[in-house]
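Chain IDs A, B, C, D, E, F, G and H follow the sequence of writing; residue 1 opens each chain.
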Amino acid sequence: MKITINAEFCKSCGLCIDVCKRDVLEIGPETNSKGYRAVVAAHPEHCVGCSVCAVMCPEGAIALKK
Amino acid sequence: MKITINAEFCKSCGLCIDVCKRDVLEIGPETNSKGYRAVVAAHPEHCVGCSVCAVMCPEGAIALKK
Amino acid sequence: MDALYERPKSLTNRATAYCPGCLHGVATRLIAELIDELDARADTVAVLPVGCGTLGMFHFNTDIVVSPHGRTPAVATGVKRSAPEKLVFSYQGDGDLAAIGLAEIMHAANRGENFTVIFINNGTYGMTGGQMAPTTLVGQKSTTTPEGRNPAETGYPMMMCEILSQLRAPRYIARFSLDCPANVIQAKKGLRKSFELQRAGKGFTFVELLSNCPTNWGLSPLECLEWMRENTMKAFPLGVFRDRED
Amino acid sequence: MDALYERPKSLTNRATAYCPGCLHGVATRLIAELIDELDARADTVAVLPVGCGTLGMFHFNTDIVVSPHGRTPAVATGVKRSAPEKLVFSYQGDGDLAAIGLAEIMHAANRGENFTVIFINNGTYGMTGGQMAPTTLVGQKSTTTPEGRNPAETGYPMMMCEILSQLRAPRYIARFSLDCPANVIQAKKGLRKSFELQRAGKGFTFVELLSNCPTNWGLSPLECLEWMRENTMKAFPLGVFRDRED
Amino acid sequence: MEKKFLKGNEAVAEAAILAGCRFFAGYPITPQNEIPEYMARRMPQVGGVFLQGESETASVCMVYGAAAMGKLAMTSSSGPGISLKAEGISTLAGAQLPAVIVNVMRGGPGLGTIQAAQSDYLHATKAMGHGGFRVLVLAPSTVQEAIDLTYKAFGLAVKYQNPAVVLMDGWIGSMMEPVTLPEAKEPVKNAYTGWGTRYYNPSGTDVDVVTSCLLEPDRQELLNIHFGEMYETWARDEVMAEEYMLGDAEYVIVAYGTAARAARTAIGSLREKGVKAGMLRPISLYPFPYDALKRLDKSRVRCILDTEMTLPVQMKDDIRLGVTDAIPVHSCGRSGGVVLTNEDIEDALLRIIEEEGK
Amino acid sequence: MEKKFLKGNEAVAEAAILAGCRFFAGYPITPQNEIPEYMARRMPQVGGVFLQGESETASVCMVYGAAAMGKLAMTSSSGPGISLKAEGISTLAGAQLPAVIVNVMRGGPGLGTIQAAQSDYLHATKAMGHGGFRVLVLAPSTVQEAIDLTYKAFGLAVKYQNPAVVLMDGWIGSMMEPVTLPEAKEPVKNAYTGWGTRYYNPSGTDVDVVTSCLLEPDRQELLNIHFGEMYETWARDEVMAEEYMLGDAEYVIVAYGTAARAARTAIGSLREKGVKAGMLRPISLYPFPYDALKRLDKSRVRCILDTEMTLPVQMKDDIRLGVTDAIPVHSCGRSGGVVLTNEDIEDALLRIIEEEGK
Amino acid sequence: MEKKITIAGFGGQGVMAIGQMLGYASCKAGGNALFLPKYGPEQRGGTANCTVTLADVEIGAPESRYVDTLIALNQPSLERFLGAVRPGGLVLLNSSLCRWTGGREDVKLAEIPADDIAREIGSPKVANIVVIGAYIGLSGVLTERQMLDAIEEKLGKRPELLEMNRLALKRGMESATPRT
Amino acid sequence: MEKKITIAGFGGQGVMAIGQMLGYASCKAGGNALFLPKYGPEQRGGTANCTVTLADVEIGAPESRYVDTLIALNQPSLERFLGAVRPGGLVLLNSSLCRWTGGREDVKLAEIPADDIAREIGSPKVANIVVIGAYIGLSGVLTERQMLDAIEEKLGKRPELLEMNRLALKRGMESATPRT
């Protein structure tokens, strides 16, 4: 399972974090060029590929591979 | 029962004649200033004052008295 | 002698500017009778549309405001909100109300504006010479549907009472026909109810009157009435669609 | 590795111009996914409104026509009738569709135009800064209803699916919510169905998507979802309102 | 070839079809109803689209959608309806789409009257809507010219990717005259690349963005500079005017459309009375034939009579700009649908001459 | 009295209320949203009516209805929305009703941009809609003036029973400046007798007919003649302009609104460089201050610089009419919402002077 | 040659048809013509009128203060338009519906009982063809043949109709009685 | 005296509040002022900026090619507006979020770690007041008292708030470190 978040697209809205039942995601430490602290996969190993994070992301910033 | 038709207002549409069940009304012989042959009460004596002619007249041309 | 029927004082003293046999005349007369009966001539504002209803300028012996085409309910909103003490009605044709002015009628209804709308549904654009209206029946010919209205191209007649009944604010919505004395008398009752509700501040009231257009239907006045019974009244069921306090 | 989820090719390669957490982004993404799935990128025309949906100019990697405010269905009518082979959708906000453009949406629906309308109901004028929309809830504050929407003054939220269902021509009318993954997945199904019906020439299809506006609601993206569930979704029941051949 | 005896409105509609127009959307309004009615009959025969819009606003937007897809498209209306198309026309111009708009003028303002007038000169030539754009405005004075100019309007609209307006009065719309029709053009699908594409296509793919909404001031300014240059090109290349008996004229009537016909008759009768009258007839109202006015011999021409079917007259400032007040400009007009006759014009000019004499 | 620090849009709204306006209907559009939003809060406090119309078209018609009932009424919008009000404004004029319309201009055409521009000069001054009517057009250049001119617009509208327009750009709408508010007027209910009453009241009773629809050409012509006379009265009595450092000016900038502020700064710096620059600032755009231009000393003034926040510039022909080409008129503009700075103006004038030198 | 004719009457009397037919005939005969209907806001009722110009030169004003001929099909039309006939011009009256009450000494007057003739022929609808006949008979602007060509083409060639029209035109040409 | 200051940063950093507050203080102190916010079509995100002119004379152009001071609250703003500072003008950086990368030798530079100071004080929201403090400290255009009067009136007089703002203003005035 590989989850990637496009940090330049992410607006730190937190919708993905909210829907992820596995606590994979969290707001990251870095501010992107627009001033948003992009989400990072803090625990990628917990990810089960359920995709709901991607389904909710308004930015299409999340990509998932298996 | 007195029925009067304002010949200047009448447009000879015939709606009153159609609804009068007593054959009181008919198209008259005279052309008014607008070129319409106004309705006349040909048989005022048959009139029962039911008013339906006045109800249907688009011109408000019919007046009825008892 | 007692007057059984007298020409109402709220009509001016002249023949109408409508064509012979046009039921616009009956609608106009009914309204004038009611204004007389409610003793409201001096307190009434008629908001007239663009359409044959504009000719009401010649007919109503009341204050009159003529609206741009279709904006009649918006003008009436401005009138009534500025002069809540007046009896305000808008008088609209089907082109005015259901085509260009559809947004305005829906929003006035939705706001529950406290005036009465009188909607003359004759299935055509009378004044401009018989083009298709939103209420033109399927198959009915008009100058812009020379082969008859084809639903695949132009859709189906719009049922304004039914549509407006989807809104919550309106207080009274009903459809009547002017094809015969009995129905005319019913229509007048509906109009009276609307005016009375308005006077009581109850909000938006809407009376649709099925009408005719001898000139553009190409039928005699009597043939028109027959045609209405066989066609219009079948497509547009009469009845009261809304009559409740919310 | 196999892609479980990939960014659709029908989106341009940039962040959206929407505010953080705005569900316009989800709607936009869903549409782009479907265009990809239907392999229609080169044959799609997006007809965009005036509203935050205009920003779709930056997002859809398809042909785009931007309409004047509210006339989106009229523009889409011109587009689709001129290019029946294209997949055409109009994308409209509640100000665009239910206020200024109410006549246009009703008439496009009534004509049964063969395109798909995607209606983003966020209960406000997002782009202009949070004024009351026709779908603003009773009591909901906006910059033009500072005390909250008062039905006595401004009426009730307009239920567009319910209203449009009074018309005969539309083929598919449904309301979904974008508040959670399960509902987003349902919404995508409805959109897919609409696109497929359009491709089969079945006529007018309409998908309402309950959405949010974090910026003008003054709530965080997550609070918005909560608010939607407790308020918007109660006022606007989800469901399919029309799904039949006539 | 035997001439056809056609009504102006129907002639305009047929001319559009011959020019390749295959999309019409309109809404009824007097005195132009025969245009949509004719289109309703004729478009299906040629495989085109006729739509009766729910309003003028919707109709012009349908045309906008069709034009965006490369169709030659037209809408028509009269005064009040043209007002309602204002935003749409501005949008067509801003998105650089060709389309033809016919305004069959009646008496205004507001609902006014439905009789023929020339009440929309300023509206058509200065600002059909917000935003500072211009449209080409052609003004026929016979049914034949209504045909020819409508036909031409499509060509100009495509050439400049800009709306073009045929501005005529209700008389030309409703009168019948013998005419010859031009040859039918193959309806082609024109390909436009929206100005927006240059900006909103960061992915560099093959898409087209048709929009009047550029969002960024810098982009908008570039477009507006382009427009300014285009208007200058029009002023150079697209001016049309007729000079009638100007060679020795001491009194120059400036009139367009139907008013010019009345003027022509008046000139005949004035010349019989020994008055050396002539006429400059603008055919393109925008671009306006300023040069023809500049060329007038200021030592010979004693005055100009601006003659219009509207009051207050509207073309006078344009005439004054042409002659820079070196020649006095008088005016003669009737308004609100009142008939402007040759006698009105003759009387007006004779009165001016009499005043001069004093 | 301590000054208030107010935003232009809110100041305009408050000025309207102080002038006695008790009816407002509008529709959101940037950059004027603070006007309806302020009215939404304020109107209920003063017993007035605030309505958010379903569209601009509906809003102006609500104002029409209110004005017919004798209320002082106002609507506001920006470019695209003003286009949509065209028919309604024409109707107000045709029915002789007073009302105030505020246009907070942005970049056009079409949707264009939402940044400040002066793109609607021609639209406002020549033809806000069909039918050949005119409106009074007042153009403030500071927030204080926005207040004063809005206040005045109501007076003029009532005096002439005609719509009056406050034409300002998005900057004036959104900027804040220190201001003093005028005194509150008692809101009176004005009594109008519709021109229609003269015709449609054959029963001779006490009713009022408010209509722009006169139906009969003769009647319409009488009304239009009246309008023409009224416009002449305006040209005589209602012209407003500011002359700034014109006494010895060899270079005259003509600019209104925000552009005039940039010009003022530019003049300061030009004078420092020894360039004798001055400014004529039209405050009423219709009627236009032609006379002030006529009065310019043609032997001293070397050229005029028409300075506008729009391209192509729109006021130039009016300036040319004023100086009848006796003084060359150049232009300097930015467009589409791009900022016009004092430096732009200074550069433009210095370039012209350099060209002259060659 | 340029002739202006105003035709006026009630709506429904075929006023427009007369004007249009004259114009069409002139056009078909290779001449010039301009037919100008007047329209009002009311769809029906009141008076209808039109002006047709027949010419062999370019036509200027579609409408002038004065016309060469007035064809008045009813009384109000006569009263309304009589003043517009130029001195020496022709007034052609439908004497079935309207009568001369004087007022102008300087015009030629002709009367044609068009409705009566039409009824006699057996079709009240052809009254307007009778009027056309009277006009071309009196004015000589168009020949019977030219007129018939036009009528045939417009009204179709159904023999009964054609015969009726032919007769109406002929009777019109014969029956106009110039007076004064 | 006439000073033009451009303030720029992310939306949400209080850019507008800084400009408005400076203008308001000048007005309240009897001076002149013009506050000009810039607006874009996107409701949130991207950069926000405004220009405020403080003067004791009539104010002409609301916006000029050059300004006297740039207050940059983040890196993109610095890069975008640096060129607009007139030679000899002042650049005031929020050094908590952005750092000087050179590019202009002819301007005065001052840095203030506004967010850090605000966090220290205990309220990240007062970062903009810190910036105001720094600006008036460096420019001397308004006094601490004048500024406080304005802040009190606008932000209300709740004692905790007031104290916080007073402190923020003071710290801002003290902490701006001119460089170069």
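As a convention for this text, a residue touches a chain if its C-beta (ideal position, glycine included) is under 8 Å from a C-beta of that chain, and two chains touch if they have at least 3 such contacts.
What you see is a predicted model; the values in this text were computed from it and never measured.
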Chain labels contacting subunit C and also subunit G: B, E
Chain of greatest Cα-centre distance to subunit E: A
Contact-richer chain pair (by C-beta pairs counted) among E-G and C-F: C-F
Geometric centre distance via CA averages, subunit C-subunit A, whole Å: 59
Whole-Å separation of chain centres (CA-atom averages), subunit A against subunit F: 52
Subunit B and subunit H, separation of their C-alpha mean positions in angstrom: 86
Whole-Å gap separating subunit D and subunit E, where each centre is the average of the chain's CA atoms: 39
Multi-chain contact sites of subunit G, meaning residues that touch two or more partners: 40-41, 45
Subunit F: positions in contact with at least two other chains: 30, 54-55, 57, 80, 87, 91, 95, 110-111, 114-115, 211-213, 215, 339
Subunit D residues counted as touching two or more neighbouring chains: 14, 18-20, 50, 54, 66, 68, 99-100, 102-103, 106-107, 127, 129, 134, 154
Subunit E partner contacts - residues on subunit F that touch it in the complex: 57, 79-80, 82-84, 86-87, 90-95, 107-115, 119-123, 126-127, 129-133, 211-225, 227-228, 231, 310-312, 314, 317, 320-321, 324-325, 334-339
Interface residues, subunit D side, partner subunit A - complex: 1-8, 11, 14-16, 18-26, 28-29, 32, 180-181, 184-185, 214, 220-222, 225
Touching residues on subunit A, where the partner in the complex is subunit D: 2, 6, 8-15, 18-19, 34, 36, 49, 51-52, 54-66
Sites on subunit E touched by subunit D in the complex: 23, 25, 49, 51, 53-55, 57-59, 61-71, 73, 87-88, 91, 95, 194, 196, 200-203, 205-213, 215
Footprint of subunit B on subunit G - complex, ascending: 10, 45-46, 74, 76
